[in-house]
């Protein structure tokens, strides 16, 4: 049983490390900021998730697993928000014009709520 | 060489780097950053001393923690360093708003402020 | 333990590389981003040095709040930066300074290598006297009992620091709301984060203060987390920073030091010395001080980041831009 | 198992350190922020691995703090970018289009 758990840890942590590697490669090789953001947010959340998953059988503290899972959930929350915030910050200004109802004919002018993201 | 010694050498290098930045970087914000580097190097030295001082605990068989006295000093130091950094940054932003420059040197008349900030 | 040494070497190389970048980067903004990452790495270093209490403080203050402070300042100062770069000292002077700084670093390195063995330590003395305080965390014990004067002065010095920041406001702005934290303009991601994260953050902060008596944690770590959550709410525009003339807020700013001084002075009568605790009530008294200090340190840290009071019209203009 | 966990920690630290090349190269400040963010998550992963491997208690709480405050750098970035007349945001936007816009100075 202990061997099976150890194997599980090794597989999950290795997969997590591979996701970190993939995220780094994407960060370095992708051509512009938005695609790099894509590489970062996908890879590091899955990477951290797999590392946490792999560490779960190894914790000795009685409620240690709660802390580990909480770390991952918080990282997911902040990762998702950071993705949104950074994407909004680097969005080229002319994309805004296609989003406002007045400037784009394909969005009906009587539905401004659909275009604002609130 | 143990990991603790390695961190000690790292701390020494950080102090040297920070001092260089403090002297050679003209921008005041860069000087603040460099000063924080020096601070973190000094704190790390405390940490190394605390870790070495924890050896007696390991010998006595009561745990693997460090010496708590230097650690407590570092905690107070970190909080005070943050407060000092906050004051320095606020002073600097105020200086830039009123005189339109980000350094402490130079007495030539300031160029017109780019942001249309009202002077007091 | 050679694999541990590999990790330590990787950490040290990363820390030094980032420090080099912070020192040498051309733009202050890039250097400030580097400083955020640097604070995070230092947190791991502190864990490696078996100082979890310090690691928590560094995580909350060093990478979280300091990053916010420095990035905000770098963005504000960016327009003035190009002129600064021309003022760099000449190459010869830089080389000379570099050599001297390297000599200083080498001297410190020699000190590190020549540290006495076995190392002098007060760890055993602390462990021997810790039961008298009723605490389980030796670092909290040192902060609240052995070096209580140090902690008292530190909590007091935070208040003049905040007064220093406030006094940089213009005369017209005095009494207004702090103006550094520009309310967020558009989009829903940041307000969403500011609604979802603070409940967890407040829980973690209070847990750190409460558990700090026996486990790693304590008032400074908890207060830094609470302050961070408060700042998040203010940055997202959900709450305005309080006016600096607000009486209740000013009271909260000083309640911690007042509590500390009051209990310390009572110690003269009850235990025979300033800041001494009567042994039977040591732990409840220490907890009372911790709670008071948590409130004050939270308020001070949050308001230090919020900056000096800004002229009211400017603040309203920024609020309008948001809607 | 300890050696494996430590090795994994060193590997993750090494990879995110490679990502720091983005801090050096930029080109926009948003890219630097991305690298810092990746270092943040990788640092948390390495910290958890180290903590479990060496048995240091309460490491998951340090990781919790880091995860809690992980978003702060980017929050500072976006609020600061909106402040200084969008200089840094425009800089990054120019990079996104692949255009070569000259520096404002």
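First chain written, first letter: the chains are A, B, C and D, and each begins at residue 1.
Keep this in mind: contacts are C-beta pairs under 8 Å (C-beta built on N, C-alpha and C of every residue); 3 or more make two chains touch, one makes a residue touch a chain.
Predicted, not measured: the structure shown is a model, and the values here were computed from it.
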| item | value |
| --- | --- |
| Partner chains that chain B and chain D have in common | C |
| Interface ranked first by C-beta contact pairs | B-C |
| Rounded Å distance, chain A centre to chain B centre (Cα mean) | 32 |
| Whole-Å gap separating chain C and chain D, where each centre is the average of the chain's CA atoms | 20 |
| Where chain B and chain C are represented by their mean Cα positions, the distance between them in whole Å | 12 |
| Length of the line joining the C-alpha centres of chain A and chain C, rounded to whole Å | 28 |
| Residue list for chain B, restricted to those that touch at least two other chains | 64, 115 |
| Contacts with 2+ other chains: residues of chain C | 4, 48, 50, 65, 74, 76, 79, 81, 190, 193, 197, 200 |
| Chain D, residues touching no fewer than two other chains | 33, 35, 56-57, 61, 64, 68, 71, 75, 77-78, 81-82, 85 |
| Complex interface listing, chain C residues touching chain A | 186-190, 192-193, 196-197, 200 |
| Of chain B, residues touching chain C in the complex | 1-21, 23-27, 29-30, 32-34, 36-37, 40, 43-45, 47-57, 60, 62, 64-69, 71-76, 78-80, 82-87, 89-94, 96, 100-103, 105-106, 114-115, 118, 120 |
| Footprint of chain D on chain C - complex, ascending | 3-4, 6-7, 10-11, 13-14, 17-18, 21, 29-30, 33-34, 36-37, 40-41, 43-44, 47-48, 50, 52, 55-56, 59-60, 63-65, 67-68, 71-72, 74-76, 78-79, 81-82, 181-182, 184-185, 190, 193, 197, 200-201, 204, 208, 215-217, 221, 225, 228, 232, 235 |
| Chain C contact footprint on chain A (complex, rising order) | 70, 74, 77-78, 81, 84-85, 88, 117-118 |
| Residue numbers on chain D that touch chain C, as the complex places them | 2-3, 6-7, 9-10, 13-14, 17, 20, 23-24, 26, 29, 32-33, 35-36, 39-40, 43, 46-47, 50-51, 54, 56-59, 61-62, 64-66, 68-69, 71-73, 75-85, 87-88, 105 |
